[in-house]
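Both of the next two complexes hold subunit A, though its partner changes from subunit B to subunit C.
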Partner chain A sequence: MAIKRLFIANRGEIALRIVRAAQALNIETVLAVSDPDRDSAAARLADRKIVIGPASAAKSYLAPRLIVHAAKESGCDGLHPGYGFLSERAILPTLCQAHGIAFVGPEPDVIDALGDKLRARAMAGAAGVPLVPGSDCVASAADARREGDRIGYPVLLKASAGGGGRGMVIANNADEAEAGFHRASAEAVAAFGDGTLFMERFVPEARHVEVQLMGDGKGNVLHFGERDCSVQRRYQKLVEEAPCAAMPDHLRKQLHESAVALAASVNYRNAGTCEFLFDVKRQEFYFIEVNARIQVEHPVSEMISGFDLVQEQIRVAGGADLSVTQDQVKLSGHAIECRINAEDVTRDFLPSPGRITRWQPPEGDGIRLDSHMAQGAMIPPFYDSMVGKLIVHGSDRADAIKRLSAALDEFVVEGVPTTIDLHREIVAHPDFIENRIHTRWLEQVLLPERAKRAA
Partner chain B sequence: MNDNTMDRAITDVRALLDTFISSDWQELHVVSGEIEIFIARAGGGANPMRLGTAVGDTELPAAPATGAETSVMAQHVATLVHVLPVGTDLKAGDTVATIRVLDTEEAIPAPVAGRIMSLSADVGALVEYGMPILSIAQAA
Partner chain C sequence: MTEPVFSSALQTLMEEFSRSGVRELHVRSGDFEVYLSSDPAGSRSIAAAPAAAALRPAPAPVPVPVQARTSPTEVSQSAPPAASALPDDAIIVRAPNLGTFYRAPKPGAANYVEVGSTVSVGDEVCLIEVMKLFTAVRADASGKIYAVLATDGAMVEAGQPLFALVRN
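Our next item is the complex of A and B:
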């Protein structure tokens, strides 16, 4: 049954985005807020807000029983978890199910299965999705040499019992694999009392590529193309683009098919993302994980497809069939998104909450801003520091970069330090313009260059 | 917490972080009014706010006194199931109201001894965090 009143269990820009999507579908909205979020942009726009708890996320946005109670008592028949917080915790859909509320997301058992790395990897393998080449247990230096030759160098020797980088060695050739075996094994014995190792191909310059999926829970799964999210710092994405301009068409097709096959194999329902590591040198991609939620960077896929993914999520959760077929999904142009955070880049990206004293966002053709901020708005210190996402769409990557660069130049935010300056530098960097980036590029190239200039 | 308090808290936190970063301290723990702050470097001590109850979040049950009247407020969203009538005399700790979240009921104890003067929420209604449920005139 189509959802009539939607409960939104999130905050910030995504709460506002969901309220707007629901309103476009003529669905009433009830927003859960914590005490300091009472006056947020989403709270003002929603039909009703319910203050569920204090500032602490553990007692508000991370309290599934309070959320489902408020949803039920306010007469909601649907619940959207957004991203982060409880969006990928099976407890939320489990409670929703028990109280007759449609959850905008996958079934609880699918969330659990995909959230477990080993199970997800096994499911991907079973669906024919490529996995990082690796070995079973490696018992001797001779084994390490043989397996290394088979996998292809460089390889990573890892302790089976390991974690935290201990007992981990990179080997660039067979001799290093042999020597590395002795070192890693000894380290593993010392650290974990177990010298068992396994080996995995190491990709020093990988790109992060992911496929946007939408499933109806009946085995039908669509994709909305891929995104390239290789500009990262400590595994946090800063810039996302669609499509991945560095990927040739034949590989792109395989990538989409792999992601769809995996999602279809679990009768995936709702929006999801299948993440891959793209080895540009070898022209191969390997499965990383599936994120069973709408993602921060979904707008770039919307910009190239002209399709509203959040509205579709809500419709599908209400039992509707997918509103388009794969043939009707037409991708055009190139989109880039910058996540703008209230962080002090010069001080190791220190989160800098506070009041925005000036807010002058860029406007124009092909520019979209997903933000809950405005002049005078408060960034509370209790949650993440994202103030918005600037998204541009151009006819191709070069055109998108041109528009993005102009938009970033126009964007004025005062009162708190932001990452806008850093984004200007990223977008103007020759490596970015010529698309020679990888997941460690920001940390290995741009940030050190920046530090050197500052010194 | 109102906006002004938050503005001040953020300014204070900034100043504390500046001081902390330029120091060789391993951890810092400050309690001031309704604000409690703990900062530690990687490998620093355990967060004392996690051990007990965090200030700020648990301010409400202690309830601000208005003259000799104490207001009892909801600590989280819930449905009011039962409340004692106006005029009831209480000892501190007596159950004055019962609330429910999904199928679980929770008793709300009187924070002070006294007499129930007024009720602010109806039985069966959804009470939100920070909403007053009843007020108690404190016994002399």
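Our next item is the complex of A and C:
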């Protein structure tokens, strides 16, 4: 049954994006808002808004019962969770199912399975997706040497009970592997009371690549190409682009096939992303995880495919078949997205909410801005500090960079500090222009250079 | 208001209950009693509801229409008196969270309060139901009920006015 009235359990730019997508499909919209969000752009555009709770997300956007209660009482037959908040918590689709509401997302058991790292890894392995070469338990220094030789250096010795970097040692050769075993095992005993270790290949300069997927829940899965999201700080993506220009075509094909095979193996329904680590030196990629939701950076895939992923996930949730075949998905040109946050880069990216006193976004061919902001709008201090996503599309990567650089120069935001300046520096950096970046490039190269200049 | 720990234990219980496929669950321990039912036409109810969080079978859902896109203003919640008609010194009792507003402890019972009733600080004035979890709303001032500002059985939003009180 096609969805007729959609409940949107999110805020910010993605809530606005979903309201617009639903309206394009002639679906009525009911938006959940917390008290400080009652005048948001999405709230003004939605057919109805319902104040579900106070500012605290725990009592509003993170309260599944309030959300499903409001959806049911407002007569909604579909619910879109957006990203973040409850989007990957099985309780939400479970409650929706119990009340006859179509959830725009996977089945609860698929969410649970993909959310569990070990189960997801096992599923990926079973679907033939490459995993980071690694070992089972390593019991002695001699074992560590043997396994290190087999896996190939550098390797990471990790406590199997571990987390947070404790009990983790990098070894660049067999001697270091032996010495590292003693050190990591002792650390692991001290930290976790369990000295059991395992080993994994360490990729010092990796790229983060991910495949955009769309499944119908009946075993059919499409891909919309890959994205390269290697500009990161503390595992948070700042810049995303599509395609991954550093990846040769034969690998790209394998990457897409792997992602599709994994999603098809669980009859995946919804938009989703399969994330990989790309070892450029070895020309290999390894599975990281699946994100079972629409992602922040979905617009770059939309720009190169001309396909609306949010509309499609709503249609599919209503039981529709996929509206295109893989042959009909044509990817062209190059797209880059900058996530613009209200953060003070000079103060260690301190989130800086407040009122926007001037808002002058760039305009022009190939420019898209996904934002809920405007002059006079307030960024409340209770949630994330994203003010918008600037996306450009060009004929190739160089053209996209040229357009992005012009668009960033035009973009004026006053009232709160933003990361626009930092994005200008990233886009102008020779390493970025020549595509010599990796997931630690921002933290190891650009930010230290910037700090040195400021000193 | 319900203690958070108590409330989260109840939530866990309800999650397990909805997953189990069991249709009814009735637990009694000391003066605490819980009744869960997945039967929308559930007819049983607990005779003496515990003060803080009473559970009862869900009444039929009250459909609230969505307005046509051509008039994007908020749906007016109910007929009750406009705020402008209230005396200047009126004290408003508001919904602590979104939920369904019930004026009586169970179907067929007398309302907690009527217009003209006298209430003291801490008196229960209504219930708010979220997914079959009932929370009592208590008066945070003493006075006389001047007006009922929400409709019995309808959904109320967080912060929505429920009652107007005037001081005695």
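The rule is short, and it goes like this: the second predicted complex is superposed on the first by the 455 of 455 C-alpha atoms of A that agree within 3 Å, B and C clash if a C-alpha of one lies under 4 Å from a C-alpha of the other, contacts with A are read in each partner's own complex, and residues count from 1 in each chain.
Keep this in mind: a contact is a pair of C-beta atoms (placed from the backbone, for glycine too) under 8 Å apart; a residue touches a chain by one contact, two chains touch by 3 or more.
None of these values were measured; they are calculated from a predicted model.
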item	value
Three-chain arrangement built on subunit A, subunit B and subunit C clash or fit	clash
Contacts of A:95 with subunit B and subunit C, given as first, second, both or neither	both
First, second, both or neither for A:36, with subunit B first and subunit C second	first
First (subunit B), second (subunit C), both or neither touched by A:257	neither
Partner chain(s) touched by A:70 [first = subunit B, second = subunit C, both, neither]	both
Touching partner for A:431 - first (subunit B), second (subunit C), both, neither	neither
Partner chain in contact with A:353 - subunit B first, subunit C second, else both or neither	first
Subunit B versus subunit C as contact partner of A:380, first or second or both or neither	first
First (subunit B), second (subunit C), both or neither touched by A:55	first
Which of subunit B and subunit C A:47 touches, first, second, both or neither	second
Residues on subunit A lying within both footprints (that of subunit B and that of subunit C)	34-35, 50-54, 59-60, 65-66, 68-70, 72-74, 95
Interfacial residue positions of subunit C with respect to subunit A in the complex	11, 15, 18-19, 61-69, 72, 74-75, 97-100, 129-131, 133, 155, 157-160
Contact set on subunit A toward subunit B in their complex	34-36, 39, 50-56, 59-60, 63, 65-66, 68-70, 72-74, 95, 99, 347, 350, 352-355, 378, 380-381
Subunit C partner contacts - residues on subunit A that touch it in the complex	5, 23, 28, 30, 34-35, 44-54, 59-60, 65-66, 68-70, 72-75, 91, 94-95, 98
Contact footprint of subunit A on subunit B as seen in their complex	1, 3, 6-7, 9-11, 13-14, 17, 21, 54, 56-57, 60, 75-79, 101-102, 104, 126, 128-131
